[in-house]
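One chain, chain A, appears in both complexes that follow, with chain B as partner in the first and chain C in the second.
Up next, the complex of A and B:
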């Protein structure tokens, strides 16, 4: 670990500066490559052109519609997946045997390409937001359920005992004792669940929807409007980064408040 | 590394079930075996209620035919080669990168936000870029798999390497071990189970990425075969491939998980 001592020594080598410089350098190289004819405009337009398109697109009506559709799908998927996940987590904790039986299956659902069920859902619900919502919510459900279960199991047995000795009702025990004790671990599960809802929704839109941000990216690829395609990829990336940063901030705040 | 390491919980090894373990040892495995059996029974009972779901027997027969007559082999071959090549490629980049990020605090501070910040970006949306670069086919799909595998492996490797024991590192330095020796003799053997977690997650994600990529655009592969069977309303075939994909994903995950536990114990 000798190298650590050199970190952040001079002002210019501060990590955030180096990071920003690296990102800018990559953009500059891409710009030069596209402008200089090294990369065909049909493969990749210059980043400046992408950004210009991005600004135009963000101001346009169809973009807002797509954003609203995707946002609503993510929100419903997360709401549904989060709720079911919480219930499963509580159930598996309350009945440890069922938890032990189902846990390996729940964990391996992480590795399941649940999207293979899309043709089935498509046949049942038609081409709308429902199949997307269902798949995204099953993805969101897993981390919520696992974290809830682990969080509840980690509660020291003295706490429920204390609640009993204080003559708490069952509702009071859940609300005043168990829930606050579990929150620091449940929240990361919810955060991860939300991120999975975003990933699931956009990925599903990409392959099967008729609206939404993910769909639009694929649409522009198929109609050879490469600049717009890149602009949409950028938009999705930026939205996802904002969501991620926001959730991390939220998670850290909650954890700090709980301590 | 914020969310991912702190909150991805498997919990499988950590919890014990004293009551079930002591008095009725057979009950837990029996319960676990019962889950797919009950699912199969439900499928058998519920299938006749709808036209959208074929019964299990024609589905299994179709899957069997796939191997007997060979119609499934080109799909398996295409998907498997994209998954394994892409996974190997992604790991080849991710493992050294993760090792460096885990060993150097400075590099970690520079790159970690770039990696975790992009965690929520659905990787599949870069697939059109790969398609415009390479055209539809093996290369684009392999690239997609490699990108998908890269991120979880970098993050888990870096997190695992960071856990390497200070004392052992000091011992290595006091013995004048070279950097390569420290890596090969001390850090990697010590944190192997943690690295294996990344490999397992990376492999699952590779498989999922390949199937999604094939749904979108491919010349061959199981994902494409599912879409084709769906378009041609060949439901038994569609369900047969879906079933095989699920079994392959489950089996692969179980094997890697078993390897992980072996490493942890030794």
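Up next, the complex of A and C:
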């Protein structure tokens, strides 16, 4: 990256360095608090213990299985939710009447904790990946659908007009005009959808699953293995951060390429 | 009926508004753009000039009447017709070359050929050096020239241009106008050209159609009997001034009507 020193002139005062220092300081304070007896070990063990467990856990077999299971669930939920979300967004845009009728439902679902529906899904589908998948993909679908609809509606009418005047086929119009024009707003919807898929999957694993990172975290919590629980929380956080950085990078790349 | 050129036959356009009402934009417009002629449309804002161009371009079905091009009823966009829209129509994710070549790309011309040809036209409209830039790096007037180049590259028989120089300053406008005339004199396309600029209309055209306020009719068709090729000196000539004053007089009355109708202005004559 080629950035001029924005905010903070000297090397030591660069924002990333300050951020890292803050994290270290918090960890140090927590460590001191735990070792000094300020915090019960059952509430929170010292970070050094968590990290030690983290290393052991990451090397263990069950962890890899959990990671793969959760990863696969998230990917499927996102794939499904993203696809259906795109289709719904296109539908609402293409047929404004359907948009006018159904859009408020979607918006209110956006603000509703979809997870509360799990008892119903549980009753219908039983334990297992199905209800998890349904909740996570529904959560992923909503921002994708709404962003897609807004993106398509924001396209200046001159562009489809141009496509028509050049006798573009329907496919050409979508592929060469509408899609690229909408992408800068659709991609943030996809990024949000992915984040929702992760949240939905892990939250549902807590209550419904017998495998996966969310399940394992809850399991350690219930069996009072607090250091292990925190190690899992750390793993989930780290994976989430990595994925988020990746998505942001992807988003910026797309925006740049589309410009 | 005339076999060649563009024939507008009692065209009337009624829009359906969002609240379910209807708005009569164009009442009754007839006229002929004979093959190879340059015709300007001038009229108060909102009188239906863009609407009329959409009808001729096959993008809008009129409520009454119709358009016949070279003997064929217009029922949709045609290969021999190219449009330059009033609003920015550049594709912001494509370079200037990609934008200019877009029409040929849709027409199925191979990449190498269409890009080579695009580069030639880009020079013609004075955008040399900007071939690989994106629209966001261009001014409004430069984007309009990209749209003009895209239309020119299709080498259509008929060009429909909606205020293509609207975003340009007076000097550049004159300059590009002259370039357009040069190209036109070489290729002799039929042109239907919308403008707000009376001098531009008279300078470029064989005929100026003055439209009334909405719902519009053609109030007058003024034949421009200035010699071609036109030179900058043309604008100093007496005939040029007579013609522009004539258009101005017709237009003044209509513009006042249009503003009056929209309640923006109350003038006492």
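Side notes on the structure shown:
The rule is simple: the second predicted complex is superposed on the first by the 247 of 259 C-alpha atoms of A that agree within 3 Å, B and C clash if a C-alpha of one lies under 4 Å from a C-alpha of the other, contacts with A are read in each partner's own complex, and residues count from 1 in each chain.
Everything below uses one rule, namely that contacts are C-beta pairs under 8 Å (C-beta built on N, C-alpha and C of every residue); 3 or more make two chains touch, one makes a residue touch a chain.
Just so it is clear, the model here is predicted, and its values are computed rather than measured.
In the overlay built on the shared chain, the residue A:253 is in contact with neither chain B nor chain C.
More residues of chain A lie in touch with B than with the remaining chain of the pair chain B and chain C.
Once chain A of one complex is fitted onto chain A of the other, the partner contacts of A:150 are limited to chain B, with no touch recorded for chain C. After overlaying the two complexes on the shared chain, residue contacts for A:230 are found with chain B alone; chain C is out of touch. Once the two complexes are overlaid on the shared chain, A:221 sits against chain B while remaining clear of chain C. In the superposed model, A:175 lies in contact with neither chain B nor chain C.
With both structures placed on the common chain, the touch criterion links A:94 to neither chain B nor chain C.
On chain C, the positions that touch chain A within their shared complex are 54, 57-59, 76-77, 79, 81-83, 85, 87-89, 91-93, 102-103, 105-107, 134, 136.
For chain B in complex with chain A, the touching residues are 2-4, 6-12, 14-15, 17, 20, 27-28, 31-32, 34-35, 52-53, 103-107, 109-111, 113-114, 116-122, 124-129, 131-133, 169, 200-201, 203-204, 207-208, 211-212, 215-216, 223, 226-227, 229-230, 238, 241-242, 245-246, 249-250, 252-254.
Residues of chain A touching chain C in their complex: 156, 158-159, 161-162, 164-168, 172, 176-177, 180-181, 183, 257-259.
By the touch criterion given at the top, residues 1, 3-4, 6-8, 15, 18-19, 22-23, 42-44, 96-98, 100-105, 107-108, 110-113, 115-120, 122-124, 143, 146-147, 149-150, 153, 185, 188-189, 191-192, 195, 198-200, 202-203, 206-208, 214, 217-218, 220-221, 226, 229-230, 232-233, 236-237, 240-241, 243-245, 247-248, 251-252 of chain A touch chain B in their complex.
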